[in-house]
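Here chain A shows up in two complexes: once beside chain B, once beside chain C.
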Partner chain A sequence: MNTAATGAIVDDRPTPILRRPFFWIMALVIAAFVAAPLIGDNVELRESLLLAAVYITLASNLNLMLGYAGYINFGSIVFFGLGGYISVYLISALNWPLAAAELAAGIAVSLLALVFGLGILRLRGAFFALATSGINEGVQAFVANFEPWGGSAGLYLPTTIFAPLGGPMRALWVIYFLLVAVMGASLYLSYAVKTSKFGLGLMAIGQNEDAAVVLGVPAPLYKALAYSLSAFLPALAGGLYFFKSAFIQPADAFDLGLSTEAMVIVMLGGRGTITGAAIGAYLYEELRGFLLTSQTFSNFQLVVSGVLLLVIVLFVPGGLMGWIYGRWPRMKQVLE
Partner chain B sequence: MSALLEVDGLSMSFGGLRAVSDLSFAVGEREILGLIGPNGAGKSTVFNLINGVFAPNAGRVMFHGADITGHAPYRVARAGLARTHQIVQPLPDLTVLENCTVGACFGREHLPLARARAVAREVATFVGLEDRLATPAAQLTIAGKKRLELARALAARPLLLLLDEVLAGLNPTEIARMLTVIRSIRERGVAILIIEHLMQAIMGLSDRIVVLNSGQKLAEGTPSEIANNPAVIEAYLGDPELAAKLHAGGAP
Partner chain C sequence: MLGIIALIIDGVLIGSVYGLAAMGLTLIWGVMNVVNLTHGAAIVAGMFALYLLTSGLGIAPYAALPLILVGGFFVGVGLYWIAVHRMIGRPPLMILLSTFSVNLVVIGLGTAVWGTGLFNVQVSLPGITWQRYTFSGTHILAAVLTAVIAGSLYLFLYHTRLGKAVRAVANNREAAELSGIPTTRVLSLSFGLGVALAGAAGMLIATMFPFTVLAGDAYQLKSFVVTALGGLGNPAGALLGGVALGLVEGFAAQFMPVSWTLVIEFVLFVVVLIIFPRGVFAFTRT
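Entry: the complex of A and B
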């Protein structure tokens, strides 16, 4: 039993990404997002897929904290809203080009998240969850009273803003493709983190933080990095989303409802899984689109998502992917 | 004598309770030092003070020439000190291989993922878990989980291993297997500080033994010295006949 001790250590490399079926499934999904609305110039489909791309971005990034590290972040939407505000402000007040404003927003929000993260990630469990929603509420209150950002009235962009992108009609397509790119980057980020040493550390934290720390995982740093990393792409998505609306106000930017929806999506798809976050987001967007057209309720999807969350947590804690893995364990080799 | 670990004047209180009081001892390179004492003597607290789960109220912990007193556990782990837990702490949904990979990735050598996986495979085989590599840790038997604790700690390639009752809850066959593993760990050049209630086992394994009682060092010496020490017999074993029996069992 102890002779193996002297065996030479060789590298034990995982399958390269290009040889993994998962990579091609995701590539196909992104290709479909690009191609489908182009067929017949289907603007209605494009708008629906745009929202799906935003949901997938929010859910995938939330998954880094909720799915991998096991930390409930009620305030993930603050990244989206702040990203929107910073880029809209840079474009409207300082005449920055879209790309520069987006990048600046992403970096600024990530840095801010790192600072918040180093502060609040000393907390655990329910206290952390409370602090994250506190951050969202605090930022919203700050922005609502911050005159340079228009206070509670918000910020508007003039319609001329779309001119550099070739006019409003073409700009909407450009923004859509950029959001699909952000979505693709989010899926890739989830994958890259999951298959890295950093991701292994996060998952160890998510499983048993005390044990992980004793094994040498630098939990405070890793959690703060994950929190910061999970801010970047949602900030870009927020920047693009509110650029498209040409209008941003605190109630839309820091809507806790959207935070909750992102969590429902992660739980619905199966936390810690990349495919789950993507499928969950798509399904949820479809469901939401269906419920929104109901005349009886406005925001009826929030009622449904509340019930959905309860049902999932109580009966299918593994979500869709957990259920699939349970039935067909071999799928673990195919999907991530 | 080149001490790998030096504990000097360590004290720790919880509220009004003095769990550890002015404790000093050292573990040499390649040495197996046993830490024994009745329940509540403060043994596990000593481990927690050494690896940084708690910061002591007073005293110093020197490891491998550096002062690690009060360092966070992940820094202590990286310095080359690994431990197992009395109550097993698996990462339940991760597989045996992944559990061990965590140890190798974040331990003393801080290996990159691919190399860590290879080390993980090797240590899992070393403790006899080679058939369970893809099994989630939660599904292991208690003996399996104990071996996993050990494998994970070993994957860190530590200089010193703290073993907290790795034999508790195992049947005689499993105990025999575990003892073989522990001996071969020492043969690899790893020093071991071990807490164990199973007297026969610890008397046989240890080079020296430190006896704790109410957080204080009661005695220190070779197993036979400890077994013949009247204070130990009085305070801990309570039964001279049992002591004689142990002495016979533990003689080299």
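Entry: the complex of A and C
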């Protein structure tokens, strides 16, 4: 970016992380998520924010692929579902504590994503996108036929599972705060990647992969790493989400609708922006709440997602943040 | 031994219809370099068009084919202007997203209207019995009609002026434009043709197997596998690739549950793309 010409920034040294406004904006958002439902013990608000936190986690991590590297991942929900399955299995069958099960699920899913990613890393553009949806189909077929995980019937957790967290009522709060932590980690991960050399390489791949390769970006490796990195936190979110519902089955865990919604969110907020993914997720969650309660629209949720995505792609490809940057260019220095 | 021959014959019959579906995909891909993710939706639309025409209007199943071809063509031209035209020249990611969103709208409407249950079109057609094996009449007629449609497509592409224009645009759009070919019209025509072929394939599949609103994804995947096998933008390769896929499916079904078919196809897709990036049957190119 040639900011020297406009005279805005001449000093090229990076600002220390604690003096960057965006660092504190993210901290404020997380603090708001923690504090808002605590005021007046608002359970309804907590449930709505919990869903928003899941959406933000999925969208931010999808953004690493879709926004930074310009690669569509149709199967981002695989990470969420597999994370859920692994941790529910470890808790129910092997009696692991929640924290250990979560960590194991996150690491296992990331490693698996790295293996898959290295397998399909040579594919580009549309082929990569199709292969990712194949991974979704493949994993789903595997889980539906895998007896230890209950096949298509799924796995249940006994109600006593919440006892170590202080009973069901307290456990729901604990899970909520953990999910907010995962969401916060997603935001900071997006930020860290965006400001790193790795992120620069991903952005270069997104702009022009051939040129990036010529300039020395190891594109296949970077894509596989981004794919694997974008798996970790959604796997944790999936583990917590299905621990909360104490029940998991293939149709819920690998709901392609959620993958689609994550894509709509990223495009709605603005591809490649962290603020966009967060605001998009919040807006979409609100819209979805309205659609589900509206009699006319509850059957047409998929149609609404589709029309929304089409309108964004056709007319506002930069999304919300693209529009904001266009109106107020100075925002580029504050919001990432 | 006889069983294997019977398996091969049926695999070829079904596979040729997969080839027809893939021809629609590969035509669009080859001419305008667009990966059409509405392909699965077009196949499902063909299936439900057959269902509506036969059960609603009482039209004979195979009389619906020309109607579906013509209807599919016009829907395809419309789709081109709505979702594709503005995207030409933009990053490929955007075309994937725009066609994907149209796919969502179609599948969403279908789910809202028909739900996700199984549908079935009754076609009574005598089969041909050979030794202990009976080849279903619908499979044979589907393969014959596929051959007719593929032959007509060949005649159109190689023996008409308009077909020549389509091939010219596929080769080099700028050069075609400079030679006075209205490329935008050719692009919309090709998209219409591609959707019409997908719809016709869907209709033929519906005469053979039961179907659901959500079946499109699986058949779209098959088309992509076939395209990978046959090489991009290569209708003749698509037909061969389709037959190859039909055979693979027939044999795979002998050894493992049907729910694994999709997984095998995906593995095949990735392996073929990595080992033969130009396609296995890519010896000819339009």
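Convention: the second predicted complex is superposed on the first by the 319 of 336 C-alpha atoms of A that agree within 3 Å, B and C clash if a C-alpha of one lies under 4 Å from a C-alpha of the other, contacts with A are read in each partner's own complex, and residues count from 1 in each chain.
The rule is short, and it goes like this: a residue touches a chain if its C-beta (ideal position, glycine included) is under 8 Å from a C-beta of that chain, and two chains touch if they have at least 3 such contacts.
Please read all numbers here as calculations on a predicted model, not as lab measurements.
Engineer: Comparing chain C with chain B, which touches more residues belonging to chain A?
Structural biologist: Residues of chain A touched, chain B against chain C: more for C.
Engineer: Considering only touches as defined above, state whether A:M203 meets chain B (first), chain C (second), both or neither.
Structural biologist: first
Engineer: May I ask you to decide whether A:L215 touches chain B, chain C, both, or neither, giving the answer as first, second, both or neither?
Structural biologist: After superposing on A, A:L215 lies in contact with chain B but is clear of chain C.
Engineer: Have a look at where A:L155 lands relative to chain B and chain C in the superposition and call it first, second, both or neither.
Structural biologist: neither
Engineer: Of the residues on chain A, which ones does chain B touch that chain C also touches?
Structural biologist: none
Engineer: Can you check the complex and tell me which residues of chain B touch chain A?
Structural biologist: My answer: residues 51, 53, 72-75, 77-78, 82-83, 85, 89-94, 98, 101-103, 105-107, 110, 112-119, 121-122, 125-128, 130, 152, 156, 177, 180-181, 184, 188.
Engineer: If you look only at chain A, which of its residues touch chain C in the complex?
Structural biologist: It is residues 66, 70-72, 119-120, 122-123, 125-127, 129-131, 133-135, 137-138, 141-142, 144-145, 260, 263, 267, 299-310, 313-314, 317 of chain A that touch chain C.
Engineer: Give the list of chain A residues in touch with chain B in this complex.
Structural biologist: By the definition above, chain A touches chain B via 1-2, 4-5, 7, 9-14, 195-197, 200-201, 203-204, 207-208, 210-219.
Engineer: Once bound in the complex, which stretches of chain C touch chain A?
Structural biologist: 35, 83, 86-87, 90-94, 96-98, 100-109, 111-112, 217, 221, 224, 257, 259-260, 262-263, 266-267, 269-270, 273-274
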